[in-house]
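Two complexes, one shared chain (chain A), two partners (chain B, chain C).
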Partner chain A sequence: MNSGLYQATLGAAVASQAGRLVLLAGVPLLWLVFMHIGPIYQMAKISFLVQYPLQAGQEASYTLANYAIFFSESIYFLPLIRSFIFSFAATAVTLIVVFPVAYYVAKVVRPDRRSKALLLLLVPFWAGELIRTFSVIMLLANRGALNVLLRELGFIDRPIPMLYTSFSLGFGLVYLICLYMLLPLYSSIEKIPKHLLDAAADLGAGPVTRFRRIVLPLSRDGIVSGCSLVFLTCIGVFATPMLLGGPTTVMFPETISGFFHGASDKWPVGASFALIMLVSALTTAGIFMRLVGGKATKLM
Partner chain B sequence: MKDFTASRRTTLKLLGGAAAGALGVPYIIRPRPAWAQSKVLNVTTYDKFLPADFVEKFQKDTGIQVNIRLTDDQGKQYNLLAAEGANPSTDMVTVAGHRYTQFIASNLLAPLDTGKIPNWKNLNPAYQNAPWTKVNDKLWGLPILAGYEGLAINTNYVKDPQSWDVMFDEQYKGMTSYVVSDFMTIVMKYLGFDGDFTTYVDKPEEAQKATNAARDFLIKQKGMVRKYYDAGSEVQQMFLNEDIYLAQCWSGPAAKLIAEGHPIRLSVPKEGTFGFCYTLNIVNNAANAENAYKLLDAILADPAVGASMTRQSGFASTISGVPELLNDLERAANSLPQEQVERIVFFSSINRDMKNEMIDKATAEVKAA
Partner chain C sequence: MRAYFNDIPRTLLTMAYWAFVLYLLVPLTLMMAMSFKDANFVAFPIGDWTLRWYAQVMQDRQFLEACLYSIVIAAAATFSATVIGVWIAMLITKASSRWSGVLFALACLPAVVPGMISAISLRVFISTIDLPTGTAAIVLGHTVHAVPFVVVMALTRLRSMPPNLVDAARDLGADSIIAFFRVTLPYLGPAIVGGMIFCVLLSVDDFVRTFFLGGYRPTLPMLIFAKVQGGMSPEINAMATLVLIVTAAVGLYAEYMTRRSRSR
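On to the complex of A and B.
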């Protein structure tokens, strides 16, 4: 760039500390405000309104009654508790399923092939969440691939109802969110020095001992990050339980959506419930991170 | 270059500045009505309600560009319109029967002047003066498609049921499905109550008692259900995958399966059911209301448009002369024996707020149980 022009434009901007700070911090701050703080602020504001949307010329009035509904109507506790239990279970299963995969890629696959192995694992995630959810439907339906296979092999006469059950929901969720567990785990396991494992083996430690005394403690950061990401994703997931779940797997996000879609249109109540879910989920994840990861643990 | 670090104060200042900017953005980028765009028409409707070839021909004939915004939920449409107030970003909306009075009461629709629709005479006379279409002695929309909440069965597995009883028959455990809020009103009818709440005006205790009875019944029968669904495409998919054999189903999605040759039958059991219409409405303060009238007139001009709507959506057309244009299978999919037609009661416009309030809460309770 012509130096005069540079000095007049970008050069002038980066000349001062404040200018550099604005340039560098501007994009992430705008992202933070537009994508995170803004929507949450708007939701919080709606949650205190008596009515939303306001009719033309109507003045806004505020109330705490929308929050009181959650604490006074016991029927809304159950879906929230169900969401928490299901999210804990899905997180645990995802950890158990994904850990060996992450370990295999990080420690067993040759270093020059790790990128390709990771890429191969990520291929399904190039498709959208809904497409992958529908693929689970095609797999587990009464006339889906699995039932057809079992029938062709002579194992069953009648289809096994797998879809719209806790099983199909759990299966679908683990499939959809395992990426959030895989990457943090891979990242932390890969950093474990191989010579520690070799030394432990030389000193007579068996595989279980090596795992318990070396791999597990040194991959703690990855476990904490992965579990937190999976848990927070699970608890807020909406479409998957709607498409794969049954009558006994109605989760809290579906309850919340009822206030936005039902004929009564109680957006403020839905917004207050969404805030309650956000705060309770973040609190739970925060406690987990502090208890398991210690004070220094970060999400990524 | 000198290093810099962001102090807490500097970060907060930047965050505050960005937040102020972000809060100001909605006022800068808010949608503006197309006052000057006389050759534009913005329509909010369901997928496949307005046939593409009709829209193309209309645009060619009139020079009016039709912008279609798809909706899948009345609530979203209602709330968006209410939030936009006097500056709506759409000229027309498609309102389902159970929401008709709500849109009108909220002052979101403009009354329809049938004098501006020369082809009004082509609307089936049964819909020209249907009691539910008039509110405050005014007409508020053009009925375009009609349907009812029927009992759909897979004929390979279920034989000619006469009553809603079959939905609670143990032999079909785990093979039934329904929209909880819709089926609750039918269950109220099935249990001998008024599922449309028209007789419960100023009788909230009686209405609550009836609603609670239906709610408790559905909770007790929860084990019978494979899935609570929300969209017509879901119930179609469940029938095709044979995940269910029976369902409470809007006539449109079921009729479409029948017309495509699947072993599905739709009927109205002896206890009866509810019917509804979709209306195409001009919104209050619509920037292009005159263009909207031209579209309504064009829809009524040719029964082939109605036939195309029926083929695409599965719902029955309200336009005269459409049945003659359908083939036997399409006609059969949309026809019922006379005795079953007489069991259909159209949703009323009376006492909607009480009904919505109680049914929504009971629906949440059934799902949560």
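On to the complex of A and C.
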């Protein structure tokens, strides 16, 4: 690194205060501004355009009409409401299902076995979004494992239609996202000092009281970040509703994507829809964090 | 008697854990089992078993090309996300406390924006900078998606780094660039390897960004999506099983790496 070339180029830059600043901050700041803010900014800008793409030399004119379209037809705003309902339900179910599991791994399992117990839960996580969604079809299809099992046991004569319904979609969403809940919950429960629980038990607090007075308040950070993460992931899932849902369970991402197929003249409407979803989802997550989490909560 | 009652929650929790493990593994196991079915349709019970779907998949040009394409994209996205993510992490550690909070929030932004919105905004963005849909656009999208995770992993490791390591290097005459490459970067090594494997998995798994940013060449998730929509066949199960085995092996290795880096 001591070659003349280095001295003449990078070495010289490092020698001056301004050079050091550019080397340290240049690329990161450009990236953050252009790639983290840029796309959202462009999407917001297009959502107000009267016409897109602009003809050569045409002045851009702005309007709110694209947003009005959203409120005008129920085929537009119902999917968003449906997306919210499904995401809320999936978040609540995931929290209830995963909490005991996270508590078990963090507090009941012996410390030396803890990482193995956690690893067993992480394996399906590596399968990826589409493969996990696909595997749910194997379980719930008309000739899937569950229906065949029920028929063999004599409970049903003909298969219960489970696939392409709200049930299969909810099942699939929970299956897809439950591990986003597990990790934040696990890390916050693990930090609860064991002697607090022991002391409470010595003073006569039963399992329910200990859970309500110690475990629940002290794992609040994990609950808040887990729920926000799951909710925001869930609402943005695109492939799973298309594969597991039916005609009555069209979600908002599918509605938005309709505007981005084919020619780009419908983009402003699609962009305004996307922005409506982004703002409403982030606001919901923000309100939830403020209500439940207090000030010091961070998402990551 | 009291001890007996105290064990009830413990038993219930153990049962909850194993029920959850079952819930996680059963669909994937069914999916893998179906790949051995000796028939052209997907239905239980499996009946006769065969390996012919695997033979067919291994000769399927479309599948092999999609694998290669996914790997190329993942490698490019991982490389750029690692460089940029570590760079951002360095800036955050050097910045004053007021700025580092803002920068950290900004760096994490793509991780909290729902996937669909991220994909749409990138689609709009690449058209405003006249970048056509295709490989470069996919790589850009995957990089944006992966950067926050690299930043968080690198920052976690940087926080545990004794500051006197860099001070010592500077005392011995290294300028800040040389100190970074000779001291900080090697210290970050394990976190970077863990982060890179995570980026690869994110990229190979990504569907929604690829769907909106890609051209006609399918990546693995796009191929599987198209096949599932086109009709079920155990061939898809064989493909998915192969992908699952490879990604799980990579994931296990990453877990092992990060664990080793934490214990050192």
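The definition used in the following text is that the second predicted complex is superposed on the first by the 242 of 300 C-alpha atoms of A that agree within 3 Å, B and C clash if a C-alpha of one lies under 4 Å from a C-alpha of the other, contacts with A are read in each partner's own complex, and residues count from 1 in each chain.
FYI, contacts are C-beta pairs under 8 Å (C-beta built on N, C-alpha and C of every residue); 3 or more make two chains touch, one makes a residue touch a chain.
Note that this is a predicted model, so its numbers are computed, not measured.
Novice: Contacts for A:Leu153 in the overlay, against chain B (first) and chain C (second): which applies, first, second, both or neither?
Specialist: A:Leu153 contacts neither chain B nor chain C.
Novice: Residues of chain A touched: more by chain B or chain C?
Specialist: C
Novice: Which partner chains sit in contact with A:Phe260 here, chain B, chain C, both or neither? Use first/second/both/neither.
Specialist: Touch partners of A:Phe260: chain B and chain C.
Novice: Tell me the contact category for A:Pro207 with respect to chain B and chain C: first, second, both or neither.
Specialist: Only chain C is touched by A:Pro207; chain B is not.
Novice: Between chain B (first) and chain C (second), which does A:Leu23 come into contact with in this model arrangement: first, second, both, or neither?
Specialist: So A:Leu23 only meets chain C here.
Novice: Quick check on the superposed pair: does A:Gly38 touch chain B, chain C, both, or neither? Answer first, second, both or neither.
Specialist: So A:Gly38 meets both chain B and chain C here.
Novice: Considering only touches as defined above, state whether A:Leu64 meets chain B (first), chain C (second), both or neither.
Specialist: After superposing on A, A:Leu64 lies clear of both chain B and chain C.
Novice: Please work out whether A:Arg143 is in contact with chain B alone, chain C alone, both, or neither, and reply first, second, both or neither.
Specialist: After superposing on A, A:Arg143 lies in contact with both chain B and chain C.
Novice: Thinking of the overlay built on chain A, is A:Ala117 touched by chain B (first), by chain C (second), by both, or by neither?
Specialist: A:Ala117 sits against chain C, while chain B stays out of touch.
Novice: In the superposed arrangement, does A:Val108 touch chain B (first), chain C (second), both or neither?
Specialist: second
Novice: Identify the overlap between the chain B-contacting and the chain C-contacting residues of chain A.
Specialist: Touching chain B and chain C on chain A: residues 14, 20, 25, 29, 32, 37-38, 53, 137, 141, 143-144, 242-243, 260, 264, 267.
Novice: Touching residues of chain B toward chain A in the complex: what are they?
Specialist: Chain B reaches chain A through residues 1-2, 4, 6, 10-11, 14-15, 18-19, 21-23, 73-76, 78-79, 82-83, 85-86, 98-99, 102, 106-107, 174, 181, 222, 225-228, 230, 234, 237, 240-243, 352, 355-357, 359-360, 363-365, 367-369.
Novice: Applying the document's contact rule, which stretches of chain A touch chain B when the two form their complex?
Specialist: Touch list, chain A to chain B: 14, 17, 20-22, 25-26, 29-30, 32-34, 37-38, 52-56, 75-76, 78-79, 137, 141-144, 159, 161, 163-164, 242-243, 245-248, 250, 254-255, 258, 260-267.
Novice: Which chain A residues qualify as touching chain C in the complex?
Specialist: Interface residues on chain A, with respect to chain C: 1, 10-11, 14-15, 20, 23-25, 27-29, 31-32, 35-40, 42-43, 46, 53, 97-98, 100-101, 103-105, 108, 115, 117, 119-132, 134-139, 141, 143-145, 148-149, 175, 178, 207, 228, 232-233, 235-239, 242-243, 253, 256-257, 260, 264, 267, 270-271, 274, 277-278, 281-282, 285, 299-300.
Novice: Sort out for me which residues of chain C touch chain A in the complex.
Specialist: 6, 8-10, 12-14, 16-17, 20-21, 23-28, 30-31, 34, 42-45, 84, 87-88, 90-91, 94, 103, 106-125, 127-128, 140, 143-144, 147-148, 152, 175-178, 181, 201, 204-205, 207-208, 211-212, 221, 224-225, 228-229, 232, 236-237, 240, 243-244, 247-248, 250-252, 255, 259
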